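Next up: some structures, all given as structure tokens.
In what follows, subunit A forms one complex with subunit B and a second complex with subunit C.
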Partner chain A sequence: MKTQTYTLNLGPQHPSTHGVLRVVLELDGETCVGSKTHVGYLHRGIEKILEDRTYPQVIPYTDRLDYLAGINNNLAYVQTIEKLMNIEIPERAEYIRVMLSELMRIASHMVGIGIYIMDLGAISAVFYPFIEREKILDMMSHLSGSRMTFNYLRIGGIAHDLHPDFKPALDQFITEFPRFIEDYHRLIDENEIFIARTKKTGAITAEKAMSYGLTGPNLRASGVNHDIRKTNPYSIYDRFDFEVPVGENGDCYDRYVVRMKEVEESFKIIQQAYKELPNGPVMAKVPKLIKPPVGDVYHQAENPKGVLGCYVVSDGTPKPSRVHFRRPSFNNISIFDEIFIGHKIADVVAILASFDFVLGEVDA
Partner chain B sequence: MEFLNNIFVYIAQWIRETLAALGFTPVWVEMGMGTVYLVSILGVCTLAALFYVLWERKLAGYIQYRPGPNRLGPNGWFQTVADAIKLLTKEDVVPCGADKPVHLLAPVFIFVPTVLALAVVPFGKGMAAIDLDLGIFYLIAVTSLSTIPIFMGGWGSNNKYSLLGAMRAVAQMISYEIPLVFSLLGVVLITGTLQLQGIVAAQSNIWFVFLQPVAFLIFIIAATAETNRAPFDLPEGESELTAGIYTEYSGMKWALFFLAEYCNLFIVSAIGVTVFLGGWQGPLLPSWVWFLIKTHLLFSFFIWIRWTFPRIRVDQLMNFGWKFLVPLSLANVFITGIGVYIYYNGLGW
Partner chain C sequence: MYGKGLLKGLSVTGRNVFRKRLTEKYPEEKPQLAARWRGGFQLDVAGCIACGLCERACPNYAITLTTEKNEENKKQLTTYEINQSYCLFCGLCVEACPKNCLRFTQEFETATYHKEEVKLDLFKNQNLSAPASIYAQPEKATEAARKEDK
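Let's turn to the complex of A and B:
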């Protein structure tokens, strides 16, 4: 029988493209035989805008890259400038930065995991992680007055010390969170349908993952032990005791497992940082007008989605000459066109969801 | 008590006598009664759909730690009415390039098998509109018709998502029809009758769910697939096909599909109760109350399943149906047959 392939436009408006990603699929029945991913529907030209902003004015823009983990983006940027200007920041600020980064990692992974399971069809599974995320966002809004775009870190420290409401909220979170992790493992881990849908789906070998520049949980799921927090510690990550979870097969199931384990490790870091939190100032002495010396600097940080690199060129004026972000989601999704082929539509959706990308970061 | 138990039977009797007293010939009395039955079935159908739409939303809310609809009326119980009014007043959109008659007729036709099936369901003692000798056979024949309007909707919409959904729906509903039929056959073998009232009467001592546990399990799975609900909601497949067959439907046409889904699930629950859970039999309460309680519980079980499991993939669905459910249901029929033979004839030596 003579059959014919056809084109299906998955996105830019589609429930499972997490925003405005557009994937043009070439389908043979239900099976994908070709794919072309289009990005750019959310492009705001952030990097160009930043050339006309002063150094502190850049910080709120970084919140809008990976808007699910604003603090981590803030951190990567302010540390780049601190590196450029050789600013030593107070202990307490470092601890708070790490604690908040890890909280945001949990919040981001809660969205990633929740939406992932929801895209596989289990709609209720999105609500339980979102409840935990809501607690974190509430804490953050005590600190910064905002739930997602915090603008809380500053070049040389943090905007202001912890709010009195923050500590009770964090205490409550620390007591309640392990229960959630346990329940969620019971709900999802051994679900036959979940395993059938995700095991051996979208498997990526370690070589391929590295050659496409994958980072973060997506890379570690393929069995590559690479985490900037361990390999090239920034801030004070070398003081904490935590593991880097690594997968084996690089399939959708491993990406889920790695994220869940990473959440537990982040939880450990938060507990340690909270226990050792020193007193003192939260802001270093920095000039009123920030004018870094002429030169360029590259700094990278381990974000929830992968390695966020920040490259800043300074020409000695109060405005950066050039700012470039290596956005992990953008690099991660470059592998899509290759791994979609041979999978069913349902698998394509599962792979999309398992990558946990954010369009704000893909398009910048 | 006796009066409450037979209240609907008395009402039917009273209407029949009134019609006869008014001087209608027996043919016209029968015609009049037919109309009364049809109206009451439509009433049950609509009320069940309206109630269960809300009940599902409430229960889903409970499962997901949220209140669910709670604004309109006491505890939000009028929400569905408001939704229906809103949907009625919406613009009727027909996509260009759609096969218009097919597109428009699909949501109407989807109610036909639903109403036809309700005609034989025994709601209580002596409370079936028509008590056919071939009850189960008729039910199976009629419910399998529901594939056609779904395919019409998918084909007539001129949308690739709809077409994919329609292809999935046809493949799925035809595959799962077979285990569904075989799961009911086990009970038919035991009772030796296809009549639904007879099957209910045969369960006065023990429910068939205890004699046919495997068949009940197969029935639950196949029924979920037949009604296109999660984890077998592939034809709709929200996260994959946006809304599958319903993608191009809006307003009241969409609402009809939506209500039909709940009617179908109500019927499937009713069949499950009738065949496996003792039908309207139960102590103390009137028979029709027992029937409604059991149907409600089975329906709630389907809702619980829907809000818990992820969706299965299309090839896994086919494999599961043909390589597992069909052989299992055949084996169940075979073993039941041997058991029934031994029960009636002894071991023969």
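Let's turn to the complex of A and C:
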């Protein structure tokens, strides 16, 4: 009997593509035999816009790259400029920055894990992480006045000192969070349906992951121990005691396990930073008009989704000549076309969800 | 035993049935917003010195203002408009204001029925009755100290 393959258009308005990713699948029955990923539906031309903005005016735009972890994007950009201008940051500002970026890592992973398992059909699994995320967003709104687009870090420190409402909220979060972790492991870890859907699905070998330039939890799930916070410590990450969780098989299940362990490690860092939080100013002395010297600089930071690189070229004027971001989600999804092949269509959705990509970052 | 994991997970759901309700009855009960909330805008026109720093701080050119010189040869505001459809709500304008007369308010229901209403004419409608946010405002203690210095 002669059979024919057919084309299925997944997205750009499909709920499981996490935004506006479009995947054109070539299917033989239910098995994927070919795939083409299309990006660009959320392209806003941020890098071009930034050529006409002054250095401090760039910061609000970085919030809109990976909008689930705005602080981490802020951090990568402001540290790039600080590197270019040789600005020393006050201790208190460094501690607050680390604390907030780890809080945002938890918030981002909460969405990553929750939506992932919801895409597999388990609705209740999304609510528990979102409760924790809501607490973090509330804390952030006490500090910056906004829930997602913070614009909180500045070149030379942070915009405002901690607000009195922040500390009780963080104390409450620190006491309640371990219980959530325990509950969530009970809810998911041994769930037979989840295991059947994710184990041995979308397995990536370490060599392949590295050759495609994957970073973050997706790379570490394949067994590669690579974390910029350890290999090339920025800010004050070398002062904290934490581990880098690594997976074994690189399948969808490992990507869940690595994210859950990473959340626990981030929680450890938050507790340490909160305990050692020094007093003092939060802004270094920076000139009112920021005019970095002529030159270019590249800086990397470990974001929840992977390594965010920021490249800035300065021509000595108050506006950058070029700002480029190496966005982790964009590099991570480059492997899709290869690993989809041979999987059933339901597994394609599982792989898409397990990667936890954000389209704001893919298209910039 | 197959299904043990499912039952274990179900026990978590069971326990949560009896926990405190976390959701808010939104339209009936208004949420408690942060003191630094960045929502709507208000402008104290009497305090404004028409320096134009807010206009220059805006990354998206959402603010347009015009000025004229009065009899005492001092700059005076004649129009002031924030086009909220271009606004990023980043707060750089409020931070730039040297007299702290451009402030955020704690309003958050900013949806409108008509496109023209999105533009805020803060010269005609200063919106001073809305609850002000403390975003980038000097703390009360420092404000009092500054008054004593004067």
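Just so we're on the same page, the second predicted complex is superposed on the first by the 364 of 364 C-alpha atoms of A that agree within 3 Å, B and C clash if a C-alpha of one lies under 4 Å from a C-alpha of the other, contacts with A are read in each partner's own complex, and residues count from 1 in each chain.
Simple rule for what comes next: a contact is a pair of C-beta atoms (placed from the backbone, for glycine too) under 8 Å apart; a residue touches a chain by one contact, two chains touch by 3 or more.
This is a predicted model, so every value here is computed, not measured.
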Quick check on the superposed pair: does A:Ala346 touch subunit B, subunit C, both, or neither? Answer first, second, both or neither. first
Is A:His14 touching the first partner subunit B, the second partner subunit C, both, or neither of them? first
If you stack the two complexes on chain A, which partner ends up touching A:Thr149: first (subunit B), second (subunit C), both, or neither? second
Touching A:Ile193 in the superposition: subunit B (first), subunit C (second), both, neither? both
First, second, both or neither for A:Pro60, with subunit B first and subunit C second: second
Touched partner set for A:Ser124, first subunit B, second subunit C, both or neither: both
Which parts of subunit A are in contact with subunit B and also with subunit C? 124, 128, 131, 191, 193
So in the complex, which bits of subunit B are touching subunit A? 60, 63-66, 160-161, 164, 230-231, 233-234, 237-242, 307-316
In their shared complex, at which residues does subunit A touch subunit C? 53, 56-61, 124, 128, 131, 138, 141-146, 149, 151, 159-160, 163, 165, 183, 186-193, 195
Give the list of subunit C residues in touch with subunit A in this complex. 2-6, 8-9, 11-13, 15, 22, 33-38, 57, 59, 88-92, 95, 104, 133, 135-136
Subunit A contacts subunit B in the complex at 6, 8, 14-16, 30, 117-125, 127-128, 131, 191, 193-194, 196-197, 344-347, 349, 353
